[in-house]
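Each structure below is given as structure tokens.
Shared between the two complexes below is chain A, which pairs with chain B and chain C, respectively.
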Partner chain A sequence: MKKKFQNSKTETVVYFICSLVGLLIVWQLAVSFTSLQKVMPSPFVVLGFIGQSLTQKIGGKILPLHILASLKRVFVGYFLACIIGIPLGILMGCSKTGKAIVKPIFELLRPIPGLAWIPLAILWFGIGETSKYFIICVSAIVSIILNAYAGASQVDQTLVGAARMLGAKPAQIFLYITLPASVPQIFAGLQVGLSSSWMAVIAAEMIRANEGAGWIITTGMESGNTVQILAGMISIGLVGLLLASLLRLIERGLCSWNIQGR
Partner chain B sequence: MKEKKLKYTLISTASVFCFLLIWYLIADVFKVFPSSTFPSPFKVATAFVRKLTVTTPDGGTLGKHLIASLKVVLLGYLLGIVIGVPLGILMGWYRRVDLIVKPLFDLIRPIPPVGWIPLMILWLGIGIQAKATVIFVSAVTPAIINAYTGIKQTNPVHIWVARTFGASNFETLLKVGIPSALPMIFAGLKVSLGASWMALVAAEMLASTEGLGYMIQMNRMVGKADNIMVGMITIGLVGALLTYILETLEKKLVKGGRNK
Partner chain C sequence: MISCKHVSKTFENNGQKNEVLKDISLEVAENEFVVILGPGQCGKTTLVNIMAGLDHETAGSVTVNGKQVDGPAPERGVVYQKTALFPWLTVEGNVGFGPKMAGLPKKERKEKAKHYIDLVGLSGFEKSYPIKLSGGMRQRVGIARAYCNNPSVLLMDEPFGHLDAQTRYLMQEEVERIWSQDKRTVVFITNNIEEALYLADRIILLSNCPTTVRNEFKIDLPRPRDYISPEFLKLREEISKHVETTE
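This part shows the complex of A and B:
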């Protein structure tokens, strides 16, 4: 059984490399031999551009610094969304009165996509950093609240009953049962929220910014520079992937019992 | 029990009422912010009615923008699910397809759909094709992932039963795999819908001449917050309505899974 598992793993890796190389070859061939070359640079030009921009400035900053600027915005907005969203979601899940107060307002605002807040945010907070923090926070908070709510409301009532029978106070029940039981759900929400905030920062920067990963691809568009757009897209994808893996590592550290149980 | 339910309904109503009241107080009574940037609920309601007939300042009535947006979003969304769901099913059922398509898919997936907008505008212009392609990209990803997971979660016992009774591989997929994956597929369709609606707003804000996203962006430039809010509310309402339609469809089509 174990041998078979290893085989399938190597097979996956082999197929992954094959399709990656295949993609690069098809891309290169399409660019060299068809009329696609007018609008599409070859993959090696794009990769070369990424390597070059590690040291050469695009619009006053090297590529890693642009990404760092975006990451800083994500960090602030996302952190805000976490410290507002998680307690609010848990409150909705734990207390029926809290749910009755918060849920209808939340349901009213929820269908509005985070990105639709951009014009209003710019009008309220100007084109500076504050409006970007606001947009990121609004985009991330929905899934964070929803998942914290689901996690807290799906706590096994038998456990709560047992704790109460053994004389636990409400605060203890909350701290030792509700909170740990909802952590896996909360992390699922954090994961979705992180990818939404990464998308929100790109959108916000595309609409109004002087730096950042989203800015790189829009200026590429404005100057007709496909190489720069593709390089920007690839780095955005890579950073998004990195962020998701980082959060998964934290989750593994914080609730290893849940992952083992799967 | 009934009394308790009534109590919570009352609290909910009061909560929404308070929300509107506080909004009104801040905007109209205490005038904390200028009314051009923070209009009261009444102003927004008047603007909503006015926008149904007046075309200034964005060159279209609310209805015209709404129809333009719906056309684009439905085109991109339908294309996305028509391609995404079968692809996800094939990836989940046939191992060879999985091994070939999955890595490519995993390479492209981390790029947020919004990130495709500049490239598509450069290639296809600011017309319906560019926007529909961006929406296609954002709709196809969740459709593929959910159809794939749904098929992968098929109960092996059911597959064995079908095999024992002599069903071919394809028949098993048709009679066992797809029906048992339907709830998951529908969950994906809902996520796709939300993602497409959001991508549409972003695409229209960046480059468009009509549509709801264009409308809120133009009103931002002339500083009319009441019209922005009208646009946002319409976006929210239509998004909720589309989700509701999909849920009704799901209840009709998906058998089982609800009686648990």
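This part shows the complex of A and C:
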């Protein structure tokens, strides 16, 4: 095949732009020529609305501040999930008995979506911020724990043996072998956890809130404002994408040893 | 100095006994390069692991420098077939790992690592991660890492088994050069007669499962040896007569 681009990075960017533009075109065509126009605004109306709400308030706040409110909730809940989940997962991975006792519990918890905790969270913590933090935290924590556990328990025993031969004591093996060896797996869990908590905050805000990206969607529904709903959804998608990319960037910095090629 | 006396090892798996090593006795003198030559997949790695202290014999005893082996110790360095480098550490980090565990200050550690990185011919690759290195270079790192911990005994478990033929010759010459410059007691495992002849002061020939000592050859050829000299080829033919084929 002929090489069309200087390097694969420009190639990725070009295709990314192509796919976005393509989506907009198909959307616009569908709205212009089919009966979809009765229920769906054109993409440019929605994008125009997003642009407008960067300066004009929706329910007392401009759009970026709504997103910031959601982000703040995510960071509190996600941060809690990380500082509890990572150590717990690693401990489970290191201790056979600990794992035998704790792991079945998490295997059972795993299929329960974070959103199923909403009713309980409201009964326990009311409808304020605490219950939102709780929902976000439980949504993220299970995959964080299970991945950290998998990372710590699958450490190559040859490497442990090699470290012992070089004089490493058990504490040093934990610090210099088990921990770094689990980092890629831990990041896989952090990645899944982050997208779960971003989903959870939207759901939590849709139940009860007076600000945030989820709130924009629900109020859009309540006032029959399709444009506002779509604008909210698009911003949620964009922010989610941004968060995931940010984490991948951090991972790339921390795990450069794990990446083949240059 | 290494001394194995009547070492046997039997693995038990679901009540089934599998005898891997049977009554192995051997001695390795100080700074002697002994190659253990054995066919097939049976027992050689287990023997190395027992000498290293990573595995335990079911009968007999192993002593190194007069002390009973009862666990891993930095006085015994291991070079692995699959290198077992720490992938998250650079070449420098891998080579300096042992001294770091021993609590050597960073500056001395770096100097020491540098010395052995130079010795194995990897100058300029200090900051590279193992994933970026070729098979032969990784094995050099493995050798430097073992050396840097200053062990009196080096155990090399088929270190070149995964290398292509060309690199393998090169690495044999390198090991010979490194060992001549910085002598240690070496036990080198291989299934390659030529490799054994090129490196060994003495070859210990093992039988197939259960593994026992079959024969011993003292190799007095001057170093570095020539793979195609008549003496080398004659010894090669003689030893190959004694090697059991696995078929």
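Everything that follows uses one rule, which is that the second predicted complex is superposed on the first by the 233 of 262 C-alpha atoms of A that agree within 3 Å, B and C clash if a C-alpha of one lies under 4 Å from a C-alpha of the other, contacts with A are read in each partner's own complex, and residues count from 1 in each chain.
Here is the rule we use: contacts are C-beta pairs under 8 Å (C-beta built on N, C-alpha and C of every residue); 3 or more make two chains touch, one makes a residue touch a chain.
It should be emphasised that the depicted structure is a prediction, and the values quoted were computed from it without experimental measurement.
**Q** Is A:Thr158 contacted by the first partner chain B, the second partner chain C, both or neither?
**A** A:Thr158 sits against chain C, while chain B stays out of touch.
**Q** In the superposed arrangement, which partner chain does A:Ile122 touch: chain B (first), chain C (second), both, or neither?
**A** In the superposed model, A:Ile122 contacts chain B only, not chain C.
**Q** Could you look at A:Leu241 and tell me whether it touches chain B, chain C, both or neither (first, second, both, neither)?
**A** The first partner, chain B, only.
**Q** Who does A:Ile177 touch here: chain B (first), chain C (second), both, or neither?
**A** Second partner only.
**Q** Pick one for A:Ala168: touches chain B only (first), chain C only (second), both, or neither.
**A** Second partner only, chain C.
**Q** What is the contact status of A:Thr130 with respect to chain B (first) and chain C (second): first, second, both, or neither?
**A** neither
**Q** Quick check on the superposed pair: does A:Pro104 touch chain B, chain C, both, or neither? Answer first, second, both or neither.
**A** A:Pro104 contacts chain B only, not chain C.
**Q** Can you tell me whether chain B or chain C touches more residues on chain A?
**A** The partner making contact with more of chain A's residues is B.
**Q** Answer with first, second, both or neither: which of chain B and chain C does A:Asn210 touch in the superposed model?
**A** Neither partner.
**Q** What residues on chain A does chain C touch that chain B touches too?
**A** none
**Q** Which residues of chain A touch chain C in their complex?
**A** 156, 158-159, 161-169, 172, 176-177, 180-181, 183, 255-260
**Q** Along chain A, where are the residues that touch chain B in the complex?
**A** Against chain B, the touching part of chain A is residues 11-12, 15-16, 19-20, 23, 39, 96-97, 99-105, 108-120, 122-124, 195, 198-199, 202-203, 206-207, 214, 217-218, 220-221, 224, 226, 229-230, 232-234, 236-238, 240-241, 244.
**Q** State the interface residues of chain B toward chain A in the complex, per the touch definition above.
**A** Contact set of chain B toward chain A: 8-9, 11-13, 15-16, 19, 37-38, 99-104, 106-108, 110-119, 121-123, 194, 197-198, 201-202, 205-206, 213, 216-217, 219-220, 223, 225, 228-229, 231-233, 235-237, 239-240, 243.
**Q** Flag every residue of chain C that touches chain A in the complex, lowest number first.
**A** That would be residues 52-54, 71-74, 76-78, 80, 82, 84, 86-90, 97-98, 100-102, 129-131, 145, 149 of chain C.
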